[in-house]
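Take a look at these structures.
The two complexes that follow have subunit A in common; it is paired with subunit B in the first and with subunit C in the second.
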Partner chain A sequence: MTSDGTLELIRDFRAGRPRALARAITACESGNGARVVAELYALAGNATTVGITGPPGVGKSTLSAALVRKARTLGRRVGVISVDPSSPFSHGALLGDRIRLAEHFTDPDVFIRSMASRGHLGGLAGATADATLLMDAFGFQFIVVETVGAGQSEVEIAELAQTTIVALQPGSGDSVQLLKAGIVEIADIFVVNKGDHPMADQLRREIRSMLQISEHGAWVPELVTTQAVHGQGIDELWDAIERHAAYLVESGELEQRKRERFAYQVRSIAAGRIRALVDGRIDVGSAAGDPYDAASQALASLGIEE
Partner chain B sequence: MTSDGTLELIRDFRAGRPRALARAITACESGNGARVVAELYALAGNATTVGITGPPGVGKSTLSAALVRKARTLGRRVGVISVDPSSPFSHGALLGDRIRLAEHFTDPDVFIRSMASRGHLGGLAGATADATLLMDAFGFQFIVVETVGAGQSEVEIAELAQTTIVALQPGSGDSVQLLKAGIVEIADIFVVNKGDHPMADQLRREIRSMLQISEHGAWVPELVTTQAVHGQGIDELWDAIERHAAYLVESGELEQRKRERFAYQVRSIAAGRIRALVDGRIDVGSAAGDPYDAASQALASLGIEE
Partner chain C sequence: MARRLRIVVAKAGLDGHDRGAKVIARALRDAGMEVIYTGLFQTPEQIVQTAIQEDADGIGLSILSGAHMTLFPLVLEQLRAQGAEDVVFFGGGTIPPDDAAALKKMGVQEVFTPGAPLQEIVDFVERECGKRALLSS
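Then we have the complex of A and B:
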């Protein structure tokens, strides 16, 4: 982007033009967002951010659509980020998901964005962090980050949200896997969706058992049952989100999470830049060599002592 | 690992004990593999490595099981790496996949490993690179890296293999998505699996059309039809792999790919180390600050000029 283009973009962004928000996020995704973020970060810091994660088919997008509807009835301006690390083969699904949000397409106070970034130095989680920051700076008060279950990225993306909701469905046998995969530790709220399923009670029992044997801090993760497709349990979920938000403020954990999020973002950006710098320092002549040793040498040639 | 432990591990590895290979891979996964790799990398460089990627349900593991069987009839020692970036919610599926390889569980010349790493500095792709190198060094001659379609990681993992197979199934509507997602560019061989499906012809036509409008080098990606579950088309797929292997040697591209793979690995390791170093340099006091600027400052404090 030219310098003039960036100035115009920032002006339009400050003037509240949704197109400018969209373009700013695109700039970040393609690794050209540094200046835009530098100009706009000071406007951010007011939004409530909620992450929703869970296995495919659990109803994450129905849940986020229901939360969006609830937030709108309360007059909040809402941003939705759909993160799909497995994008190449599931764009179709994403498109289907967005159809569930179709009722909000013409609402100027709802902004929906899918992320499937490749160019961002900090990877997908870095691009999502930028998008969250920009939506916040744009004045969205409630931001939902919805991500398909995806190992490392999902845990990283959950770290970007103030409140992480882990959604599960009865009869799927996911709960034991969750425990092993460290997903229980990231959940602030568990949602048992499709709560009319005959095995819903069993899943609730399993979650309660997991909570008893897992480690958590002062906040004991809440357990909410929903049937998102009928809007049932959404008020209860909203209340749980508000209780968690209040807890974060009172306990001082909100500031702590902001610092961690910031550190995470900085680390990702720095690592991305180093990756580019190191590129020119790799001795590919020794391509059959020891990669760990070559990495040490490349870093040493940049003046970095380990 | 203690220094003594590492020495013993390396001795057992050189003696051909499969447990030592398993432990060496685990050491790499958890970020403690530098010394092991340094001692063993010189033994690697002889294996044929094949990556298989494609959407969930296409039959990747049935395909790799069929390739393993074929390789065994030719007397090759075979390693299989199952990469699943979406692990937290799909361990069950992975387990199911491994059952397809069950006939080889007692065969000492087949080594199967699932990867779902968190600790590795270079991420999942870095851990997979290490595992490939170690299997190669251990004497496995044919290594299959099987990965569920997963955006960036999948492209990265494909880069680690000499030959990349993209598997598709008829009637799924995946082909257009593939073109958009840059998957066509990474395919050396397309496999249309479930080739008895009524829409198999249409998928083949779509792939041929895509190939006509996409860019490829001197190697024109081959198109093989299989019914992996019945072992049909596997001989043809094997022949295509051998033709591609011969092409790589004759064209000099093999050396080129090795250099790129090496550079990729070094870059990942270096970036991971920097991530750790930068951690201590982030000024979290300014947690509401500009993350791009903070990254520049952290790098500057390490003496790195951008």
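Then we have the complex of A and C:
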């Protein structure tokens, strides 16, 4: 982006033009966001950020839509970021999470952005943290970040969101699944969606018993049952989010999470740059040396290692 | 990091025939673009708001209901009202040649009808939306 273009973008952003927010996010996605973020960073820091993760088809988008509806009845301005996977082959993507949010498309106080993961692992896109920050700076008060349909280890959302909701669906595995490390460890709130399913009770029991035998801090993850498609359980979920938000403030954990989020952003920006540099220095032609050796050579040529 | 083309594929009005839209969405995806699919029964306002929030380079509107002479102009009107004429607007469906010519005169950049080769559509989108992406990056 030209320098003039960036100045104009920042001016439009400050004037509250949605197109400027949209373009600023694109700039970050394209690796040109450093200046925009630097100019707008000071405006951010007021939003509540809630992450929703869980396996594909569990109802993350439907839960998002229901939470957006609830937030709007309370008059909050809402941002939604929803991440879908990019193709590892064509690098294209089909982003379909908006479909569930159609009722909010023309509400000027709701801004929805679909992001393709672009090869980023961990359940988010490389620029999701930037997009969250920009929505915050734009004045959105409640931001929902929906991950890609997560497997067992896409846990990055917990580093970005203040409150992480892990949505699970009945009939998807036995109690041992809940004892495994990974995604079940990051939940501040568990949601059993599709609560009318015959196996919903069993899943609830398994989550409760898992919580009894697992270690957690002062916050004991809450368990809420929803039928998001009918809006059932959403008031209870909202209350749980508010309780968790209050806990974060009272315990001082909010400040700690903000510091962790900052570290996460620095780490991912720096790692992205190093990755790009290393990509240009991989010598696959040299018959000499094993992968460790070649990695050391690449880092040495960048001056990172001796 | 490259700037990827972002395209909204939309279905408007009372028209449940989405196979064509899905085939196009899939072809654009396979050509390396990021496709935002709106789902069925959208209003022109919803489609244009989606394109703005998603910073889309193009909107592809699929209509098989016969209402193309109503819905295409309404989307054009919305694009103008929102100052988003830079978004490439194209479409397709069961659209008679005379209507297609009229729509192009109004400002729809291309109209594809049944039998159009996918590669032709992909080439058009890459070329025209690529110009917009270049200007805005």
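Basically, the second predicted complex is superposed on the first by the 253 of 306 C-alpha atoms of A that agree within 3 Å, B and C clash if a C-alpha of one lies under 4 Å from a C-alpha of the other, contacts with A are read in each partner's own complex, and residues count from 1 in each chain.
Everything below uses one rule, namely that contacts are C-beta pairs under 8 Å (C-beta built on N, C-alpha and C of every residue); 3 or more make two chains touch, one makes a residue touch a chain.
This one's a predicted model, so the numbers in the text were calculated from it and none came from an experiment.
Comparing subunit B with subunit C, the partner in contact with more residues of subunit A is B.
Once the two complexes are laid over each other on the shared chain, residue contacts for A:19 go to subunit C alone; subunit B is not touched.
Of the two partner chains, subunit B is the only one touched by A:34; subunit C is not. Judged by the touch definition given at the top, the superposed model places A:214 against neither subunit B nor subunit C. By the touch criterion defined above, A:301 lies against neither subunit B nor subunit C after alignment on the C-alpha atoms of chain A.
Residues 86-87, 90-92, 116, 118 of subunit A lie in contact with subunit B in one complex and with subunit C in the other.
Residues 33-34, 37-38, 41-42, 44-45, 54-56, 84-92, 116, 118, 123-124, 129, 133, 148-155, 173-174, 177-178, 180-183, 255, 258-259, 261-263, 265-275, 277-279, 282, 284, 286-295, 298-299, 302-304, 306 of subunit B are the ones that touch subunit A when the two sit in their complex. Touching subunit C in their complex are the following residues of subunit A: 1, 18-19, 22-23, 25-27, 29-32, 86-87, 90-96, 98-99, 102, 105-106, 111-114, 116, 118, 126, 276. Those residues of subunit C lying in contact with subunit A across their complex are 1-4, 6, 25-26, 28-39, 42-43, 45-46, 49-50, 52-55, 82-84, 136-137.
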